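Scrolling down, you'll hit the structures one after another.
Consider the two complexes below, in which chain A is the common component and chain B and chain C are the respective partners.
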Partner chain A sequence: MGTGGTQTKQRRWFVNSVVVVGAFILVANPLYLSSYGEGLMTRFLIFALFAMSYDIVFGYAGLLSLGHAAFFGAGGYTVALLKLHFGVDLFWISAPFGLLVAVLTAALFGIIALRASGIYFLLVTFALGQMLFSLAWNVKWLNSKGMQGITGITLPDLAIPGFTLDSTWYYYMVLIFFVISGMLLYRLVHSPYGLALMGIREDVSRMEAVGYNTWLYKYIAFVISGAFAGIAGILFTYYNFFVSPNHLGIATSFLPMVMTIMGGLGTLFGPVIGAAVFIFVENYASIFAPQRWPLILGGLFVISIMFARDGIGVYLWRLLNKVTQGYGSIKN
Partner chain B sequence: MDWFVINLLNGMSYGMILFLIASGMSIVLGAMGITNLAHGAIYMVGAFVGWTVAVKWGAPFWVGVLSGGLSAGLVGLAIERGLLRRLYKKPNEQVLLTFGFVYILSNLCLWVWGGWPRMPFTAKFLTGSTEIMGRAFPKARLAIILAGFILAIALWWLQDKTRMGAIVRAGMDDKETAMGLGINLELTFAVIFFVSSFIAGAAGVIGAQLLGVRTDLGLEVLLLALIVIIVGGVGSIQGALLGGILIGVIDAFGRAVFPQLAMFTMYLTMIVILIVRPTGLLGRKI
Partner chain C sequence: MNDLSFSVNAGERLAIIGPNGAGKTSLFNLINGQFSATAGQIYFFGENVTDLPTHRRAYLGMARAFQIISLLMKLTVLDNALLTIHGTKPHRYKMLHPVKEFKDVFEKTKHSLKTLDLWEKRDELVKNLAYGEQRRLEIGLGLAMQPKLLLLDEPSAGLTREESSDIIEIIKNLGEGITALIVDHDMDVVFEVAERIIVLHYGQIIADGPPESIQNDQMVREIYMGAEECLDPVNI
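And then the complex of A and B:
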C-alpha cells in the first residue's frame, strides 16, 4: 500500500489503467464475439452485479444471508407477471415496478430477519427465501398455464421510435446498468456510511457504544443490497426469457455466495472476478460434464473456502500490485 | 372427533421425524456453534444406504436403520475432522463449507444411486394398518411416534443426567473455562458431530416411510430442520421436541383444512414466533 506520494500516484495510475483496459474489452466484446459468447458476457455482467449486491450485505455488513435470490426473483417475477397478465413490456414501466417490488420485499424481510442476530439471521433469510419459492410454486397466478414458472418474456420495449432491442444492444444496456450500479456501489462503500457499516461488521458493541444505530445501518444495507439484486433479477429475466421458482430460492441464492467467496469478500472487485470464474467454469462444465456440475460447483466452493480464503480476485489484485510496484521501482 | 385424532396422530408422527432431524442439528449448533447446513444431505445419505441395505439386499429393517446411521455418522465425522476443525472460530466459513457439501453429497448420491425416487419402505411387522377410532391408521406411523419419544427421553437423559451432557452444556456456556478445566473439547466435538449425523442418518431410514428417498431431500430436509429450530429454539432437546411436534401438528391440520397452502402454515408459524420470540420457544441465548 502506498504511503509516499509517488506510490499513491502510481497506484492510482495502475487502477485507472486496469479500469480503462477492462472498459475497452467490455465495449469491444460484441465486435469479435459470437452471439453465444455475447450471451455469456451478458450473463456474466448480470451475475457480477448480483454478486456485488450480495457482497454489500455479506462482505461489508457482515450479515450472512442465505436468501438473497428472493429479491433477484422478486424483480424478475414482477417484470414477467406484468408481461403475462397485463401484456406490459415497456421497459420504463416494468423495470421501475420490478425494482419497487424488490425493494419492498427487502424492506419487509429485513424487518423480520434483522430481529434475529448471528446464526438466526442466516436461518431466517433461508426460510424466507424458500417461502417465496413455495409461493411461486403453488400459486397458479404466479405461473404460466400448465407449467412451473413464466415463459413468453421478450426483450423489453424501450419506446424509442425506429429502434428495436436486439441481443447486442441488450448487452450494451446491461453493461450500462452494470457500470452505473458499480459506480453507485463504489460511492456507497467509500462513503461515511460504508465505513460505519464496516465498523459494525468488525465490532458491533463498540459502534453502539459510540452512538451508532447499528440496526438501522444494517437494515439500510440489507434494503440497498436487495434493490441491486432486484435490478440484476430484472435484467436476468429479460435475458433468460423465462423465470422459475428456482430463481427465488436457495439454488439461486447460492450463486452470488459462490462468486463472492471465490472472488474475494468485502471488495467490489472480488465478486466480479468470482462471477467471471463462475461463468467460465459453468460454461465448460455444461459442455463436458453437465451431470456433474453441482459436484464441481460444490467442490470449487469448498476448495476456495479451505485454501483461498481471501478469494481469487484479491489474490490477483495483490499480484498485479506487486508487479507494478516492482516495475515502478525499476523506473525510479 | 376421529378426524381430529387422526390428524393429530399424523402430525405427531411427522413431528417426530422433524424432531429426529432437528435434534442433532440443534445440538451441534448449540454446543459447537456450527450451523451444519449439510445436515439434510447427511440425512439423505443415511436414507439411501438404509434403502440399499434393507430393500435391495433384503436385510432386516433395523440393520438398515443402523447402517444408515453409521454411514451418515462417518460422513459427518469426516467433514468435521477433515475440514470443519480447521475453520475453528470462523463461523461464517464453517456455515458456507457445510453448504458446499449439500451440493457435493446430493450429486454424489445422484451419481451412485440414480435419480429415480424410491418407494417408501418400513419394517415387515410394521406394514399395514391398525384401527383407531374406527379409522385405519398405518402402524409404521405409530412406531415413528414411539421411536421419537424413546429417542427424546434417551437424549434428554444424556443431556441432563450424564457426564457427557454436562461437558456439552459446560462447553455451550463457556468454552474457554471448560477447556481450562482440562476437558477435551476436541474429542467431545467429534463425538457430538458423529452422534448428530448418526441420528440424522437413522432418521433418514425411519423417515423414508413419510419423506421417501430422493436426491433432492438434502435441501428439503434442511429447510424443515431450520424451521423447527427457529420455532423451538437452539441448543436443547426440549426445544427441538416442542418445535418438531408443533410444526408437525400445525402442518397436518394445515394440510387437512387448507390443502392449497400446505407448506405455508409452517412459514407462518415461523414468522409469528420470530416476531413474538426471536430466540425460539425454548431457546438458549447464543
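And then the complex of A and C:
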C-alpha cells in the first residue's frame, strides 16, 4: 500500500462513506442490539485491535511471530493480579501498569527473538509464549485460590463521580480505544517509518545498503505491536471477568494470525475484517454446530486462502476498485 | 580474497574486471559491509569502516547498484524512490506523520524520477517495469543518495546496446564529487568510462593501471585467452 499512490476521487469518496457508515453503525449499536449482541460487538472490537497489532509485526514487518498472546496476556494478567492481590479497581492505575508490563515483555522478548530470523524466530517466539503460559499455569501467586487463572475481575472503576460503568458504557469505552488505536496505527504505517518497515519486509539487504538500521526497525515494530496487543489484552480481561493461562499461549497466539491472514496482511482494515468474520462465524457456528464449529471455521480459513489468497479484505478492496473504475467509465 | 590491497582516489572512475569467480562481487560486498572481513582493514575517506554495518557505511556516503536488480519489486516506483532518498535522512524514523508531508524529500524524489524519465510511471509496481527501466531506476536511485562512492555491479548486464550507452552517459556525467567503482564484463562500457582498471583473478590483483596498459598486459591477455578479442573493443 505504501503511499497508496494517487487515488481516484471516486475511490476516496467510497472509502470515506464506508468509514462514516461503519462509524455510525458502531456508535448506534447499543440502541438496537441485545446485551448479548453488544457483548459480541465488544469482543469483535477487542480482537480487531489484537489482530491490527499483529498486522504490524507480521503484515508490515514481515516477522512471523507465534507468541503474540504473550503481550496480550501480560497486559491482562497485570490487571487481574492488581485486582486479586491488591484490590485495585481503578482503571487509571491498572491499565497503565498493564500496558507497561506488556511493553517491557515485548522489549525483552524482542531482543531475544530478533537474534534469530525466519523459522527460528518463529520457534523462539513460540517458546517464549509457552514459557509464560507455563508460568501462569504453575505459579500459585499467578492464580486465584484453587483455580487455573484469575477470576473475580469486574468492570473497571473510572473514578468519575456519580458514574459506574455498565456493559453498554464498556462497549463505548472499548470502541474509543479501538478508534484511537486504529488512528495511531494508521498514521504509523503511512509514516516514513511505516514505509521503511514495508521495504524491510521485502528486501533487508537493499534497505541496509540504502541506510536503514533494519534490526532497529524490526525491534521497534515488535515492541509497538506488543504494546497494542497489551491494550487489547487489558480490555479483554475486563470484558471476560476472567483471565487464564490460555490467554498467554499458542491457543490465543494463533487467533490474530488467522484473522490477519484471512482478512489481508499488511493492510490495517484486513485484520479488522478477519476479526469480524472470525468472531461472527465462531458465534453462529457454535450455536448451530456446537461440536463441529471449529471445523467450519477451519474450512472457512482454507477456502479464503484458496479463493482470496491475499485476504478477504484485499479481495473486497480489489472488487471495489473494479466497481469504481467501471462506474468511472460509464460516467464518461 | 587473496592478500588483496588497493586504494582508490577521490573522483576516480575505477573499473574492476576479471573472469567469473574472480571475486568481484565479493569485493563489493566487503566494501559495502554485506560481508565481514576476516582480516584486513577498510578505510573510507580516512575513517576505518571495517567494523561498521552496511547501513552506517551508506550513511557515510556509499551507494550500491546490485548485480541482480534489488529494487523492492512489490512496491511502486514512487515508494522505492522515497525509501531510497529517505534512507540517510534523520526523519526516516518519524512515525506520526504521513510520508507525503515531508515536502523536501518528496520534491527531491519527484526531481530524480523526472530526470530518469520515470515520474509518469511512479504508481507502477517495479516488477511491472521493463528490465532496462528497472536498471535505470536502480542506478538513478543510487545517485539520488548523493553518495561519495558509487559501487556499480554490472550496470549494463542484460541491456541492449542503446540502453548500455544510456548507462555510459550516466556514468560519464557523474561529476567530480562522486568516486565510481564499476564491475562489468562489457568491455565497451569498461573502456569508455574507466580511467583506471584493476584486473582480479582468484581473489588477487594481477594488473592495475590505465586502460591502454591493461589492454597490452601479457598476463591479462593470457587469462582472457580464448576471449582475447573481447579486450579489444574495436573488434566486437
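Assume the second predicted complex is superposed on the first by the 316 of 332 C-alpha atoms of A that agree within 3 Å, B and C clash if a C-alpha of one lies under 4 Å from a C-alpha of the other, contacts with A are read in each partner's own complex, and residues count from 1 in each chain.
Methods note: a residue touches a chain if its C-beta (ideal position, glycine included) is under 8 Å from a C-beta of that chain, and two chains touch if they have at least 3 such contacts.
Quick caveat: nothing in here was measured; it's all calculated off a predicted structure.
*Asks:* So in the superposed three-chain picture, is A:Ile250 touching just chain B, just chain C, both, or none of them (first/second/both/neither)?
*Replies:* In the superposition, A:Ile250 touches chain B alone.
*Asks:* Does chain B (first) or chain C (second) touch A:Leu45, or do both, or does neither?
*Replies:* After superposition on chain A, A:Leu45 lies in contact with neither partner.
*Asks:* First (chain B), second (chain C), both or neither: which does A:Ile273 touch?
*Replies:* neither
*Asks:* Is A:Leu64 touching the first partner chain B, the second partner chain C, both, or neither of them?
*Replies:* After superposition on chain A, A:Leu64 lies in contact with chain B alone.
*Asks:* Of chain B and chain C, which one touches more of chain A's residues?
*Replies:* Partner touching more chain A residues in the overlay: B.
*Asks:* Just to be sure I read the superposition right, which of the two partners does A:Ala106 touch: chain B = first, chain C = second, or both, or neither?
*Replies:* A:Ala106: touches no partner chain.
*Asks:* With both complexes superposed on chain A, which partner does A:Gly299 reach: first (chain B), second (chain C), both or neither?
*Replies:* first
*Asks:* Output check: A:Ala221 vs chain B and chain C. Expected answer is one of first, second, both, neither. What do you get?
*Replies:* It touches nothing on chain B or chain C.
*Asks:* Per the definitions at the top, what is the overlap between the chain A residues touching chain B and those touching chain C?
*Replies:* In the superposed arrangement, which is not itself an observed complex, chain A uses no residue for both chain B and chain C.
*Asks:* Mind pulling up the chain A residues that touch chain B in the complex?
*Replies:* Chain A reaches chain B through residues 64, 66, 112, 115-116, 118-120, 122-124, 126-128, 130-131, 134-135, 138, 250, 254, 257, 261, 291-295, 297-299, 301-302, 305-306, 309.
*Asks:* Provide the residue numbers of chain C that touch chain A in the complex, in ascending order.
*Replies:* Residue positions touching the partner: 32-34, 53-55, 58-59, 63-64, 66, 70-76, 78-79, 82-84, 86-88, 91-100, 102, 123, 145.
*Asks:* Using the touch definition from the top, list the residues of chain A that touch chain C in their complex.
*Replies:* Chain A residues touching chain C: 2-3, 5-6, 184, 187-188, 190-196, 198-199, 202-203, 205-214.
*Asks:* Which residues of chain B touch chain A in their complex?
*Replies:* The touching residues are 29, 33, 35, 83, 86-87, 91-93, 95-97, 99-104, 106-108, 110-111, 219, 223, 226-227, 229-230, 234, 260-264, 267, 270-271, 274-275, 278-279, 286.
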